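Listed next: structures, encoded as structure tokens.
Look for chain A in each of the two complexes below; its partner is chain B in the first and chain C in the second.
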Partner chain A sequence: MSQRPHLSSFLRRYGTLIGFLAIVLFFWTQRPQTFMTLPNWVNITRQMSILGVVAFTMTIVMVTGDFDLSVGAMASLVGIVAGSAFQNGGGVGQAVALALLVGVAGGALNGLLVAGVGISAFVATLGTLTVFRGLALYTSSGASIYGRVIPAEFSSFGRGAIVIGELSIPNLTLLAALALALVFVILRFTIFGRRLYAIGGNREAARFGGIRIARLRMLSFVISGLGAAAAGLMLFSRLSTAHPTQGEGLMLQAIAAVFLGMTMNEEAQPNVLGSLVGVLILGVLANGLTQMQIDTYIQQILTGVIIILAVTLSSLSQQGLRAPEWLRRLLPERGEAA
Partner chain B sequence: MHLQIRQASKAYAGIPALIDAALDLHGGEALGLVGENGAGKSTLIKLLAGLEAPDSLEVRLNGARVTIPDSAAARRLGLRFIHQELAIVPALNVAENLFLNNPLPRIGGAFVNRAALYKLAREAMRRLGIDHIDLRQRASLLSPGDAMLVKIASAFIGADDQQQLIYIMDEPTAALNQAEAELLYAVIDRLRARGCALLVVTHRLHELFRIAQRVTVMRDGMVVNTHKITETSAGELIHEMTGSSAAHLPPAADKVKSEATDDRPLLRARYLQTDALSAASFHLRAGEIVGVAGLAGAGRSQLLQALMGIDKLRAGTIELDGEALRNPAPAVCWEQGIAYLPEERRSQGLLLGGRISHNMTLPHLGRFRRWLAMIDRRAEDRRSQQLSRSVQLRATGIQQRLRELSGGNQQKVMFARAVLAKPRLVLLDEPTRGVDVGAKRDIYRLIRELAAGGAGILLVSSELDELLALCGRILIMRNRRLVGEASTAELDERALLSLMFAGLPHLPTPSSKHQGRGAQSNKINSDARFLTA
Partner chain C sequence: MRKLSLLLVLLLAIGGAAFAQDAPTIAVMTPFLAQPGTQLMVEGFEAAAADKGWQVNVIDTSEDIAALVSRMEDVALQGVDAIVINVDPTQIEPGLHAAADAGIPVFGLDSGAHPLLATNVTSNGYTMAAETATYVVDRLNGAGNVVMFIFEPYPPVQKRGAIAQAIFDNTPDISIMDAITPSFDNGPLEGARNAMEAVLLAHPEAGSISAVWAAWDDPALGALQAIEDAGRADEGIVVVGIDATDQARDAIARGSNFEATVAQDFGGMAARVADLVEAHLGGMMSAQVNHYVPARLVTQADLMG
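Now for the complex of A and B:
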């Protein structure tokens, strides 16, 4: 085995985390009165909660080496489905159940196309993305659903919080934490999770080793559909409005968060704690830049640049740091590190 | 023209594949190159083609020292290659495929001159004497033989009839029928007549006597001998190819051939047919080690994959302990107590980024279930540690990642996986390939222990000494068929190799000085029970 320089493997594992701390530090110095306060951080967790749920369940799909591009469109569609249920006199329970069912069905469709028919995940979920979006626009005639048709207990949930002494934890934050815990347990402790990592690590070896690949990939898409549906409901509840395209930003951000998380893993595998850091980075950036009154368009540019930077740095260090000569000279010689 | 090759050496992961090999190619002469699987022939060719960096290599062309850092350099030196793997792009048409390894004719530097492309392609095909293949046909529609001819023709693109080049062919006739092979023989004769030099690797010995003037034998990465073709015989070549590679042999004291511990047939396969295997029937008893011998491409791995449900079964039945195995699939087979160790452990077996324990338990996770869906990690770790000891794994711990282990230790992890659940039937595909001598010995011990414990073992191996030492019976495969079986009691390496090649009847009779051995192999031939011709 060739021994990699110390610094390189350190960068590989902790580079993204260090970057995150640097971002936090930066905003702290720029906005010392408002940024590093408890209310602001509670606020950040609420802002991130919806993206979090999508990113955590997306992690499961990405562990097997697939993608789900349809999650944003699914989140939008689910809002419209629940909204329509309210319009037709449905109660909260009925609307939520119907919405989650749509998520499961959409995920099953994705899984069937990818694992059953054998279409690449990219093409299949790009197709269903378009279908889901069309369905949402058609069902709603392109208009938002809002106002008095939405039961008060539904919209108050998204703004509500559980108060424990001084601290008030938003309901949405709690939901995201629940999703995080569930995905963490699934990937880390269950047979299902172990098998998913085997599929992602070496698909052929997994098949030869007796793993029922099609079934498990299918199931992972169902989970991702369910996550997208839950996120769609959370978004609907928080905004008290269902618009047929309101979930669209979620997909790219969720995938970006998982990628950021992968940079923190020794084997560059998707992992849900990494995804959490990825979501935190995106959330803190949005929060801090807004506080600094930076144009949201500029925010997008900066976010994109940071994602590319993190993934580039990580892939450089993964190649045994084939970085520029000047950087290599700063590193200890091979072998010394051992 | 004279191409001198000296001191060609190459090791993969510390295991030598080619050791100080030397060859001479002369204009106007075809040199045959023969040897068992893994003798180093293909490695030598890869060095000459600039596809692999040699550990050492000295090449002189007409006395001048040259180097071959990449395939473009090989081309500039006038070397033309027909490699063993069929490198055809199915989506391109025949003419375009002919130019995969050749510079495309261009207009203005950026655009392909299609008129010139078809003209050159037509000329190359004409040189080979082929007129039945449509140049505009998509390559995906070609038969395997035609695809091979196209690949061969690509070595003749842009070669004007006067140019004296060096052609190096790695088993060019493996996929060809007799008529197609004759086309190639005629081309070889013509190239030779106009002063080209040729190096032809082949497993078909009779073809050497048709095309070659000299023949070089390789064994265990070394050049053993070179003969004038008129002064040797097939028998002598086979003898030199097998030699006595004592280093690989299991310790002599262990050389007790496994006999079935009881008569109950553990596995009965009837007329197994997949897309890559035809009509294979055989049986195997509990406690028996049965070998599968055959040349590369004979269908040995495909036989195991059919049993494991990896290749879809088109016809035939598999019975395990008297019970029919319906719709076999890897998951079902593992659950039924069939363990499988695939040929390509890196691509088909291991999770290289995964931990040792996770690799061992992969097919058996259901056994470590608790609380509905959780993994009982303590039980998993305990079992992995136990197995690490019993296969004598050298690792820092069961948490180590597979990528950091040597080839031999990786293979031991695969063995641990295979034995974890006390399998009834174990399918082993080249279990000692790329494994050092010490690990080999351990693996032989494990195989024997498994059989002694009552498991049936089907062992595919290219190492004949290994088959002979471990197995009681050997199934012989040729051209994706199971053509017969032989008891190892009456078999030596030379006789086994003869069975693997197209059979002795095709070979010229041994010359007078080897008559003794010839007589012996005839006897063995009659001992081998052939199921089909």
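Now for the complex of A and C:
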């Protein structure tokens, strides 16, 4: 951590946030009637709530230097598990409990493979991704589960909101806020969280420091699995449909959000508030570009370019790498101002 | 990082060309734009809309249904004049509710009926499947082993499989060897090709496979590739698809095992939905749940003629 609040340090830390605010300002000026309105921001928070839960819990895994590529497939599987429970006469409580249990079991399997067996997180979770996807497709025979079999109270939850005066806060937004608060507390205020950062910072040093690395890494995967399961249930409730591949888009977006969030930290560490900004950047871009009627494929290109730019510039400025002249012109000088 | 912010704004500005706001704006929304049939429908709609002086906003979410719902909520807030969807409406109900709350009519373009849709324009999936299934039954003289390529998750395609299966089941000497849902990981053509390779390996005897019935053209083309590469093109395996894509027409025209497909009138469907949107905007609501646009069987004789 920097002892003196240099301007360059400030920009390194808050550059992505400033970029986010610039994007918001841009859409505000382009679509003044619709973008910066309360209904639209409620809309954005509801749309991003599911990705948020995955990204927040994924942050915990990424703090230790691991990945969980199976979260999207797990979210899909959990929807099918809950849907199958409904088809077999299960109530909401049973279906939700079963689905969350599947999430925990899947996370534990990931943790066992990575921390116990020692397979790289990339390979292990790529494998479980395929297993979870196959299980979802097999269980559902590839078909969606929807219609009257889904209890009304389950589907109405995903579309419902808590109304406080003029403000209507979607239930899904509240769940995402709860997940954010929990992960924030875990990472910032618990010994468990600090140990996860120690593992991510230097695994050998953490080992010599007496930290039970395998157990903690395993626990981080369990939390990620639980988060993916919660997200899968939220998605199922929002769409009133469980499709065996419907959560698969979540994985790459969650990792992108965590990476964007890492640019907001001097040490380029995953941090959950950064992940929140990452999720919001992705959500605001999708929402604003749609309102501006930008071609959806151009939207994808722009989103990808923005992620790469943010991470590249942050990485170069943090590592002090000697960037090419053309790129250095884009970067704040080290020790600039003060 | 200040420069990064400027760059972001610049990038967005490049993409953000100003649009005329006075002409009616119609959002066309689908997760399936990579599919040839969807492309033809969207192009047909854009052409019809251009004639009517509308502005069209095409939104594709690359098979991501949840993202499509989010984008529907966005365009509902934005206040477009109408939304045209090409997706199973039962999977996007929150989006339909958002549009209904905003008073925006939603039209199905080969999507399926739903109470929240103003109306839906489609081909009759039952008759299309019946055309190709009976073609297979006739070609096999009512006896043989058929491999089916189906896709249950999408109701319009699911219907095709159901009716074809009923026709095969109703023909005593035809047996369904396998009903395969092709993997979409690398596109349905590759998925069907891989699956067909496995079927061919499992049944190496000449004549053991009589026909391949596919619910749409891509898996039929994948199966055709597998048959040709396995050197079994001369066994007389009859391959049929549905949709009459350019690639399917080429395969049929060159006299391959791919013998027949069904041409949906995608352009006709798109033009019909555009007319229905125009009528609706002019105050004429359609009471009809589904408008069926006729489709026709395409064989080599049709293409030569």
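Heads up, the rule we're going with is that the second predicted complex is superposed on the first by the 311 of 338 C-alpha atoms of A that agree within 3 Å, B and C clash if a C-alpha of one lies under 4 Å from a C-alpha of the other, contacts with A are read in each partner's own complex, and residues count from 1 in each chain.
Methods note: contacts are C-beta pairs under 8 Å (C-beta built on N, C-alpha and C of every residue); 3 or more make two chains touch, one makes a residue touch a chain.
Being a predicted model, the structure only gives us computed values, none of them experimental.
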**OP:** Sticking to the clash and touch definitions up top, decide whether chain B and chain C on chain A clash or fit.
**Re:** fit
**OP:** May I ask you to name which of chain B and chain C touches more residues of chain A?
**Re:** C
**OP:** Check the residue A:Arg194 against both partner chains and state whether it touches chain B (first), chain C (second), both, or neither.
**Re:** first
Original post:
Regarding the shared-chain residue A:Leu216, is it in contact with chain B (first), chain C (second), both, or neither?
Top reply: neither
Subject >> Vertex chain A angle, Cα centres of chain C and chain B, expressed to the nearest 10 degrees >> reply: 130
**OP:** Tell me which partner A:Thr296 touches in the superposition: chain B (first), chain C (second), both or neither.
**Re:** second
**OP:** Please indicate which partner A:Leu226 is in contact with in the superposed arrangement: first for chain B, second for chain C, both, or neither.
**Re:** neither
**OP:** Mind working out whether A:Asn202 is in touch with chain B, chain C, both or neither, as first, second, both or neither?
**Re:** first
Original post:
In the superposed arrangement, which partner chain does A:Leu180 touch: chain B (first), chain C (second), both, or neither?
Top reply: neither
Subject >> chain C versus chain B - closest C-alpha approach in the superposed model, Å >> reply: 23
**OP:** Using the touch definition up top, name the residues of chain B that touch chain A in the complex.
**Re:** 308, 310, 329-331, 333-335, 340, 342, 347-354, 358, 362-363, 365-366, 368-369, 373-375, 377, 401, 404, 417
Original post:
Okay, in this complex, where on chain C does chain A touch?
Top reply: 1-9, 11-13, 15-16, 19, 25, 55, 57-67, 69-71, 73-75, 77-79, 88, 90-94, 97, 151-153, 158, 181
Subject >> Residues of chain A touching chain B in the complex >> reply: 1, 189-192, 194-195, 197-198, 201-202, 204-212, 267, 269
**OP:** Spell out the part of chain A that touches chain C in their complex, as residue ranges.
**Re:** 11-12, 14-16, 18-19, 21-23, 25-26, 30-31, 34, 37, 39-40, 43, 46-47, 50, 137, 141-144, 146-147, 158-159, 235, 238-241, 243-249, 286-287, 289-300, 302, 305-306, 309-310, 313-314, 317, 329-332
